[in-house]
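Chain lettering (A, B, C, D and E) follows the sequence in which the chains are written, and residue indices restart at 1 in each chain.
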C-alpha cells in the first residue's frame, strides 16, 4: 500500500470526521492507501510539519496557507471539502453590541496562530483600529476556550459554529443572551480546512496519483459522515486518545460540520478562492498577502478524483 | 513518619482556604446560572453584577452559597469535585481504558522515565567533562544556563518537526524535550558533587599516584552521591513537567498534558484539575522513591549516621 | 649511619604562594639533606611552612625555585613510583568507606591481590590498636581513633618514605606515648625514612635522629639538631640529661624564631 | 580561699545520650563543687566526657539525673543571665564576620554601646596578640590565630564564669606558654571562675587551683587534686619539685583510667 | 552533499575546540579576558556550525532559519522586541519574581519558627512545585485575565517553592557550635535570626534565587501562550510560529536568553558580594 500521512490542524474532533470515517470504513484501504492521521494542537503549525517532511498533506485555513506561500513555502490547495466558513464572533447582548460599529471601545478575543487574518481584514475594511482606545477595539489573544467570554474578560470572542459556540451554550448561556457575527454574513469569510501539499511533489505523477486516491476516499468519508452524523461522531470518539471528549459534544459538532461541508464535493470553487484572496489583500496597512498569489491551488487532483 | 501530622495539618489548612475561596470565585457564574434557573438574584442583571466583587455578591446572595460548590464548569472547583473526578478516573475505570488517568499517567510516565534517563546520562557526562576538562569547564556552563532560559514551549514544536523530518516520532521526541529540562539540575548538582572532595582527599590520591580513572571511581563519584540524589530529585520532577509540556506539540494525543489541554479546550475544568493533581502526585511519588533510594544508598555507604 | 645514601636533598628551596592580597613567602632558601633511615622531625611556630615543606617533598607542591630530589628523582617522579606514605594533619578518611575499606584504598590502587590486602589490613589495624574496628565507619570512631586509622592507612603499603604531619595532635598523652613507642619500633624494624611534623618538643626529641627547627614567614630553617640518642629508646629516656639538653636547644631555637617576628 | 562562695555545684550528675545503637553513658555520678575564683582544669582520655560536663555547666546539655546549680540558679537561668564566656574546642568563628566583627558579636547581642564595643574589641585583640588583624576574615588567618580570636571573643564581655574547651590545642609551645601566662594574669586580676579542658598535663598543673581527672566511659571523676602552688606562677615554676609531683599524680590518675578500659 | 556538510561542521567544531583548549590550558587561562573569550568562542563555534549546516543541507527557513537571518531580524525589529520585553519580562516576570520571592521569604521565616510548620510545609511545597505550568497557566489566565497580572501570578507560584525550600534549608544550615555560641550569650530569637541564621542561609537563598530567574522567564513567556494582549514575547513567539516567521521566533528566543543570562549573572554577582565568605566563592579551582 502507498503510505500517506495527514496532518490535522487541531486535536481529534468531529471537525475532521471525514478522514476518520474514511480510515475507519476502509475507504482508504480500498484505494490502496495506508493512511496515518496526525492530530494537531495549539503548538503545531501544519505548514511547518509539511515543510519538515513529517506529513504528505495537511489541512489548513487558506489565509494561513497563502501566507506560508508568500513566506517561501510553496503549498498548493488540492481539495476544499469545506464550502462555508464556521468562524464567527460571539458577544454578550447586554454589552449593547448590535452592529460592527458597536465594537469600538470593546474588548474582543481573537485566535492568532494564523487565524487572526480574517478578523484584521474585517476591522480594516470597517475602519476600526485594533490597537485599543475609545475608538478602536482592544484585541486579546484568546486561548482555546470560551472562558474569556464567560468570565466577562472580553465582550466578544471568536467561536466556531461547530465547537466554541456550543460550549458557550453548554455553560448554560441561552442564545438570547448572545449576539453573533458570522464572517460569512459580514462578507469577510475565508476558506477553511482545505487540503494542501507541497508544490514540488505535484511534479511527481505517482504522488499525484496517490493524492487523487486520497482525496477521493476522503470525500467519500465526508459524504458518509454527513449522512451518518451519529455514527461519524462515534468514530471520532473512538479515535480520540485523550478519552476526554464527550459524545454529546461530538454529535452536535458533527451536525454543524455537516452544514459546512454540505456544499462541496471536494473541488475548490474559484469564486470562493477569489473572495478569500480579495479579503486578505484588503487587510489595510498590514495586509496578509501583498499580491495575488499564483498557482496556489490546482484542480488537477479533484478533476481526476471526482470522475 | 514524624511528618505525617504536620503535613496533614498543612493540607487541612490549604483545604480550608480552598473551600472558602470557592464561594467568591464561583459566585458570578453561580448567580448567572441561578437567574436562568429562575431564582431571585441581586443585583438583577449580569452586567450590574460585574461591578460587584465575588465576595460582595456572596454576601448579598447567601442563599446561593451552596450552589457555588456544585457548578458544572466552576472557575475554582471545590475539593470534593476534584476528589470525585479523580476517584472516577483513577479507581473506577479499567486502567487500560483511555478514560482512565492511570492509563494517561503511564503514557506520560514512560516519556518521563526515558527522558529522565537521557537527561541524567547527559547531565552526568557533561558534569564529568566540565570537571575533567578545563576548556569545557570554561565554555559549557554559560550556555547551559542560557539553554534553560529558552522557553521550552517555543522550542518544543521545532524539535518535534526536526525529529519528524528525520523520521523520529512517538516516545523519543517527548523524551528528548523532557531530557532538555532535566539535564540542567543534574549538571549543576554533579559538578558540585564531583568537586566536593577537599584538597586533602585529592592529595591523598596524588600520594598514591592514582590514575584519573581511579580518582573518579574511588573518590569523586562516591563523594558526589549525596549531590547526585539531590539532583535526581529535582531532575525527575523537571522530566515530568517536560514530558507534559511535550504532549502539546505532539498532537496532544494522550497523557496528562493532553488531558489538561483538552479539559481546558472543551470547558471541562474538572478534567484539567484532576490531571494536574494526578501529575503532582506522580511527581511526589517519584521524588519519594528517590528519597527512599537515597536513604538506602547513603546508609549502605555509611554516609548517614544510622 | 654516614654510609647511608641520601634520600631527600633540598637545595635553596623557595616557595611563594600568589594570593589576591599579595604573595605569601612560605619557604625561603631551605637546604636539607635526609639520609636513608633518618627520622626527621620538623618543629616551628604555626604557619611557618612545615606542612608546605612536607608537601614539597611529596611532590604535592612545586617550589618556586631551588632544587629538590628524592632518590635522585624529582619528587613528582618519586610520587609516580609510589615512594610515599603520607599522614595528613587531619585524618581525612573517606566517609563512605569503612575503616578497613579506607586502609584498603591505597592497596586497591596499587593493585595488591585480594588476599594480600586482607592480610595487610589486619596487620596494620593490630599495629595501631584498632583490631575489631575494621567494619566501622569513620564517624563511629572518636577523633583519636580516626587519626590512628589514617596512620594505619599510610603504613599499609610499605612505602620507603613516611611523611607524617602532626599525626598525634588530637591524642591524650597516654595514647600518644604508646603510639610514639610503636612508631619507633616500626621504624627500627623497617629502616624507613620518616619526616614528622609536631608541635611537641618532647615528642620531637624522643623520636628523631634529626630535628629541624623552623622560623616563621618566610619559613627558614634556623637549626638542624642531630640527636645523639641511641636507636633503642625506652620511654624513660625522656628523663635523661641528654634528652633535656636537646629539648632545651630546641626550645631556644623556637623562641628565637618567635622573637624574630 | 575557703571563704569564697560556691559558684558551681554538681551533685550525682548522670548523663546518658540515647543513640540508635543503644545509650551512651557519658557522665556517671559526678560530684563537684567549684568556688568563686577557682581555676579548674579537666583532664582525661579522649571521649571521657569533659566536653559534656562543661556543656552541662553552661546549660547546653541537660543531665539525665542529678542536680547542678550555678550561682544558686539552674544552668539555664544562668545562661540567660549571661553568666558564661565559652570557648569551644574548635574556633567556630562566623565566616561572614571579620575578626573584629566576631568579637563584637556578643557585645552587640548584650547591648553594649558602639564606643564601648570598639574599646573592648581593641583591648582583647591586644591581649591575644592579634592587634592589626581586626579587619581580616577568619579564613585569612592560620588555625592558631583563629583559636586566639575565639578566646578573645569569650573574654570581650567579662562574664564571671569562663569555660574553655581545649583552647590552646592547635598552638605551638611558645605561643601556648605565652597565652598561659596571659590567662593566669587575667584570672588573677579579675577573679573570674574558670573551667578549662586540656590534654596537656603540664598545662593543667601550671594553670589550675584544682585539677579534675576523669576516666572514660561512663565518665567519672577519679581524682580531684587541689594545687598547693601559689597564685603567682612564673613559667619556671614548672621545674619545681612540687610541680613535678603534682604532674606525677595526674599522670598516674590518667594511666589508671586507661587501664580500666 | 550531506557528507560534505557534516565533515565541514566537524571541522568548524575542531577549530573552535582547538582554540579553546589552547586558551583554557594556556598560561593566561586565569585572565578575565580568557574567561570571557572561551565561552564566546564556544558559542560562535556553535553558531557557525548551525549556519553552515542550514545552508549546506538547505534546511527550509520555516523550520530552522540560519543565525544570520535571525540576527538581521533581531536588529530590524528592535523596537518591537523591546515592547515585548517590557511587557513580558519587566511587567510579568519581574513583578512575579519579586512578589514570589518576598512571599517565599516571609513564609520561610514564619515556618522556621516552628519545626512542626517546617515539616508540614516542605513536603506540601514539593508537591505544589511539581504542578506543571501547562496546567496552571490556563487556570491563572482564567482567574486573572489575559494581562500581565496572570503572568506575574504564574511566575510568582513557580518561583515561590524553590526559594522557600532553599531558604528554609538555609536557615537550618548552622552548625551546632554556631547555635550553641548564641545560646551561651542567652541570645533571643531575633538576634540569632539576624546575626546567625540569615547570614548562614545566604548561600542557599541565592541558590534558590538563581534557579528562580530562569523559571521566571519561562513562566512569563509560556503563560502568554494561554491568552495575552497583542504584545509580549510569548504572544510574539506563538503568533510568529503560526505565521512561519521563525526568524522572529528565534529573535525572541535570543532576547529571552540574553535577559535570562543577565538576570542569572546579576544574581550570581550579588551572591558573590553577599556570600564572599563562603568556601565556594573563595577558592577558584
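Keep in mind that, in the parts below, contacts are C-beta pairs under 8 Å (C-beta built on N, C-alpha and C of every residue); 3 or more make two chains touch, one makes a residue touch a chain.
Protein names from UniProt, one per chain: B, E = NitT/TauT family transport system permease protein; C, D = NitT/TauT family transport system ATP-binding protein.
Values in this document were obtained by computation on a predicted structure and should not be read as measured data.
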Touching both chain A and chain E, which chains are there? B
Can you tell me which chain is nearest the middle of the complex, judged by mean CA position? E
Selected interface, B-E versus A-B, where C-beta contact pairs are more numerous: B-E
Need the most distant chain from chain D, centre defined as the mean of C-alpha atoms. A
Using mean CA coordinates as chain centres, what's the gap between chain C and chain E in Å? 49
Measuring centre to centre with CA averages, how many angstrom lie between chain A and chain C? 84
So the centre of each chain is just the mean of its C-alpha atoms; given that, what is the distance between chain B and chain C in Å? 54
Give me the residue numbers in chain A that touch at least two other chains, ranges are fine. 42-43, 45, 48, 51-52, 143, 145, 147, 151
Could you check chain E for residues that touch two or more other chains and list them? 63, 138, 142, 225-226, 238, 241
Under the definition above, what is the set of chain E residues touching chain B in their complex? 17, 20-21, 23-25, 29, 34-35, 38-39, 41-43, 46, 63-64, 116-121, 123-124, 126-136, 138-139, 142-143, 213-214, 217-218, 221-222, 225-226, 233-234, 237-238, 241, 246, 249, 252-253, 256-257, 259-261, 264, 285
Please output the residues of chain D touching chain E within their complex, sorted ascending. 55, 58-60, 79-82, 84-86, 88, 90, 92, 94-97, 105-106, 108-110, 137, 139
Which bits of chain A are touching chain E when the two form their complex? 42-43, 45, 47-48, 51-52, 64, 67-68, 71-73, 112-116, 130, 138-143, 145, 147-148, 151, 153
Would you mind writing out the residues of chain B in touch with chain A in their complex? 28-29, 32-33, 36, 45-47, 50, 72-73, 75, 97-100, 103-104, 153, 156-157, 161-162, 164-165, 169, 248-254, 258-259, 261-268, 271
Complex interface listing, chain B residues touching chain C: 198, 200-201, 203-210, 214, 218-219, 222-223, 225, 301-303, 305
